[in-house]
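One chain, chain A, appears in both complexes that follow, with chain B as partner in the first and chain C in the second.
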Partner chain A sequence: MTEVSLNQITKKFGKQTVLNDISLQLKPDTIYGLLGRNGAGKSTLLNILTNRIPASSGSVLIDGQTNINNDRVLGKIYLMSEANLYPNRAKVFQIFRQTAHFYSGFDFELAHQLASKFGLNENLRFSKLSTGYRSILKDIIALSVDAELILLDEPTLGLDANHRELFYRELVETYAQRPRTFVISTHLIEEIAGMIENVLLIRDGKLLLDDTAENLLAQSYSVTGPEKEVQEYTAGLNVIGHDNLGKLRSDYVFGQLDEERVLPDTVTVEGIDLQKLFINLTGQTDKEGQL
Partner chain B sequence: MQFNFDSSEPLYLQVAKQIENAIFVGSFEAGEQVPSTTEISRDFQINPATVLKGMNILVSDGLIQKKRGRGMFVLEDAQEKIRVKRKDEFFQDYILKMVIEAKSLGLNQDTVISLVERGFKQK
Partner chain C sequence: MTEVSLNQITKKFGKQTVLNDISLQLKPDTIYGLLGRNGAGKSTLLNILTNRIPASSGSVLIDGQTNINNDRVLGKIYLMSEANLYPNRAKVFQIFRQTAHFYSGFDFELAHQLASKFGLNENLRFSKLSTGYRSILKDIIALSVDAELILLDEPTLGLDANHRELFYRELVETYAQRPRTFVISTHLIEEIAGMIENVLLIRDGKLLLDDTAENLLAQSYSVTGPEKEVQEYTAGLNVIGHDNLGKLRSDYVFGQLDEERVLPDTVTVEGIDLQKLFINLTGQTDKEGQL
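Presenting the complex of A and B:
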């Protein structure tokens, strides 16, 4: 089990603050969903975790040790991202071997199995792979390395629906057999909603939420009915967004409802899913969406 | 089986209900093994901890039993237990809701009873 903590991580590119004072601890053997809109700072955070770029201030500790130029510690982490770190001429099987130099417990058997399931020809050169198959190659490596912390930055980029489902199935299966920590950053929230145990939500470089999906959904509601009744019912509650259809209105509430208020017959309260919660918490078009 | 992630019902409860229903309709018979946590997790891309939480509800309801190292098995009286439970819930889950809807439609008691009778006559 590996303990990971980020302590007051701030990252600036010139005058722009991309990450602003982020502190968090990753629980062992947990699947995280790292959510945020484009430019929220997700990839920057993952790159800092793996020491691909330095933080402006703050520290990353893996089992109590800094991750800066520390191969022993970095060997416990694998980051799958858009960056292509392989020589164009290298063939798939050579890339597997090369990976095994750094991650000595690389599971060749699993990698071969997965390559065959995904229809990835191991004799192809990296330069010949399509965007989708480049993602697949990196996903296969991510599932086959013996790291304790697997970071997946848009793992399904370029994958069709069948391959995406296959990837999620394989991910869950290897996780069940060998629990470790996954951090999945993706825009396809619906597709991973059932898998993620814990949500990290970044907005404008700040960590807005760090909680279990179950806790978050247990306090997320849609309140739907005639506009006037809905607004009376949700007045003073933490309304994070709304939808209107003529005079029909849905208010989205994050936080506890007021048990004492009488719910009119015309108004219904339902739960919402993670994607709806995300959209409303990160919406920038209106003034709502504040925590 | 299908799981609805939009549902306001927590996923682990949906897992429990789906398996319970499968036992009730006889898809998993008494003494038979139910799919493992890993299989359900993989096939529906649900976190294993969530699936386990759902399974544990069925264990404490006395519907399935864990056999060490072999998996989960349907208990002999599971189907009967579900039947009893559903009978208890029938009034709350169906009758009360029907009456509320009937009232809002302005249907009186006699009309509803005759509709129920018609429903029984239909196959």
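Presenting the complex of A and C:
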């Protein structure tokens, strides 16, 4: 079990502050969803965790030790990202071997099995792989290394529906067999919603939410009905967004409802899913609410 | 209104047959979903439609005329694809202007509006755009050109949930204002399911389905219950796949049910969605059925 803590991480590129004072602890053996808009700072955060880029200030501690110039610590982490780090001429099986030089417990048997299930030909050169199959190769490596902390940055980019389903199934399977911590950054929120135990939501470089998916969904509502009644009912509540359809209106509420309020017959209250919550918390237009 | 027909299109790369005798007519002013696994031949088909690559045999006719070396015909088609055709140093507004040289009715007003809605800075150089914003730029151009046939190859690659929602909304809006034909190739089937009128499904280089979404869904079922009862009920029907959960089983059926069969109390029949249908029609493992 590996303990991971980020302490007041700030990252600036020139005058732009990409990450702003982020502190968090990752619980061991937990599947995290790392959510945020394009440009919110998710990839930067993952790159800092693995020391691919330096933070402007703050520290990352893995089991109490810095991750800077520390191969023993970095061997506990694997980052799957969009970056293509492999030589174009290297063949798939050679990339597996090369990975095993750094991650000595690399599970070749699992990697071969997965390559076969995904239809990845191990004799192909990296340069010949499509966008989807490059993601698949990197996903296979991520599931096969013996690291304790697996960071997945858009693991399903370019994957078709069958391959995405297969990938989620294999991830859960390997997690059950050998629990470790996964951090999954993706734009396909609903597809991973059933799998993630904890949500990290970054907005404008700040950590906006760090809570269990269960807690978040238990306080996320849509309130739908005639515009006037809906607005009377949600007045003073934390309305994070709304939709209109003709004269009907849905207000999205994040936080507790007022139990003393009487719900008119014409108005219905329902839970919303994680993607709807995300869209309303991070949308920039027509949004009146806040956390 | 533009008429598009593909006549016995076959494409070979070396010994590999990527497209195998594909014939179809595109109805005018219709939104098509072009579905298929990675490697099924979707992108090849779109590239042949726009004469970016030649077919090995067969012809493409646009309003009765060949698309080969025919700028007048190619001006009626726009292909948005993963290929990055712009100079790295070109700025966004320059790329708009360059596009207007070929598509003289390019709608600059719409392009500016969309750039603003998507948060795309028109002064950025192409090389500075992320994967998501490259897709957004190409999507904006696709919606702004005055072509009659708009081909979109993975238009939401790298887009976050809000941007995907915005894109679908803007596509439907511009389609309502100026009807034309869209062909959307995507792996996010459920997100476009509500928008597409007609489905084209390619499997192993062959056109497997060409039908309205309505017709397809009207004959797609899941049959769920205890394994034995389910298998008795679906015996002889066109079972295209199944899932198991403990002792429960779901068989997926494509085609008419047998109305004379008695449905046991323990078994339920429900419709399935387009993504589920797709996964079961195109999956390669554990599938016993066929079209």
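Keep this in mind: the second predicted complex is superposed on the first by the 289 of 291 C-alpha atoms of A that agree within 3 Å, B and C clash if a C-alpha of one lies under 4 Å from a C-alpha of the other, contacts with A are read in each partner's own complex, and residues count from 1 in each chain.
Convention: contacts are C-beta pairs under 8 Å (C-beta built on N, C-alpha and C of every residue); 3 or more make two chains touch, one makes a residue touch a chain.
This structure is a prediction, so every number in the text was calculated from the model and none was measured.
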> Given the touch rule stated above, what does A:Thr282 touch, chain B (first), chain C (second), both, or neither?
Replying inline: second
> Can A:Ser104 be said to touch chain B (first), chain C (second), both, or neither?
Replying inline: neither
> Given the touch rule stated above, what does A:Tyr168 touch, chain B (first), chain C (second), both, or neither?
Replying inline: first
> Thinking of the overlay built on chain A, is A:Leu217 touched by chain B (first), by chain C (second), by both, or by neither?
Replying inline: first
>> By the touch definition at the top of the document, which applies to A:Gly271: first (chain B), second (chain C), both, or neither?
In response: first
>> Once chain A of both complexes is superposed, is A:Leu157 in touch with chain B (first), chain C (second), both, or neither?
In response: second
> Counting only touches as set out at the top, which of chain B and chain C does A:Ala193 meet: first, second, both, neither?
Replying inline: first
> Both chain B and chain C touch chain A; at which residues?
Replying inline: 165
>> List the residues on chain C that touch chain A in their complex, please.
In response: 36-39, 82, 117, 119, 130-133, 154, 157-165, 187-189, 275, 278-279, 282-285
> In their complex, what parts of chain B are in touch with chain A?
Replying inline: 3, 5-12, 37-38, 41-50
> Residues of chain A touching chain B in their complex?
Replying inline: 31, 165, 168-170, 172-173, 175-177, 190-197, 214, 217-218, 270-274
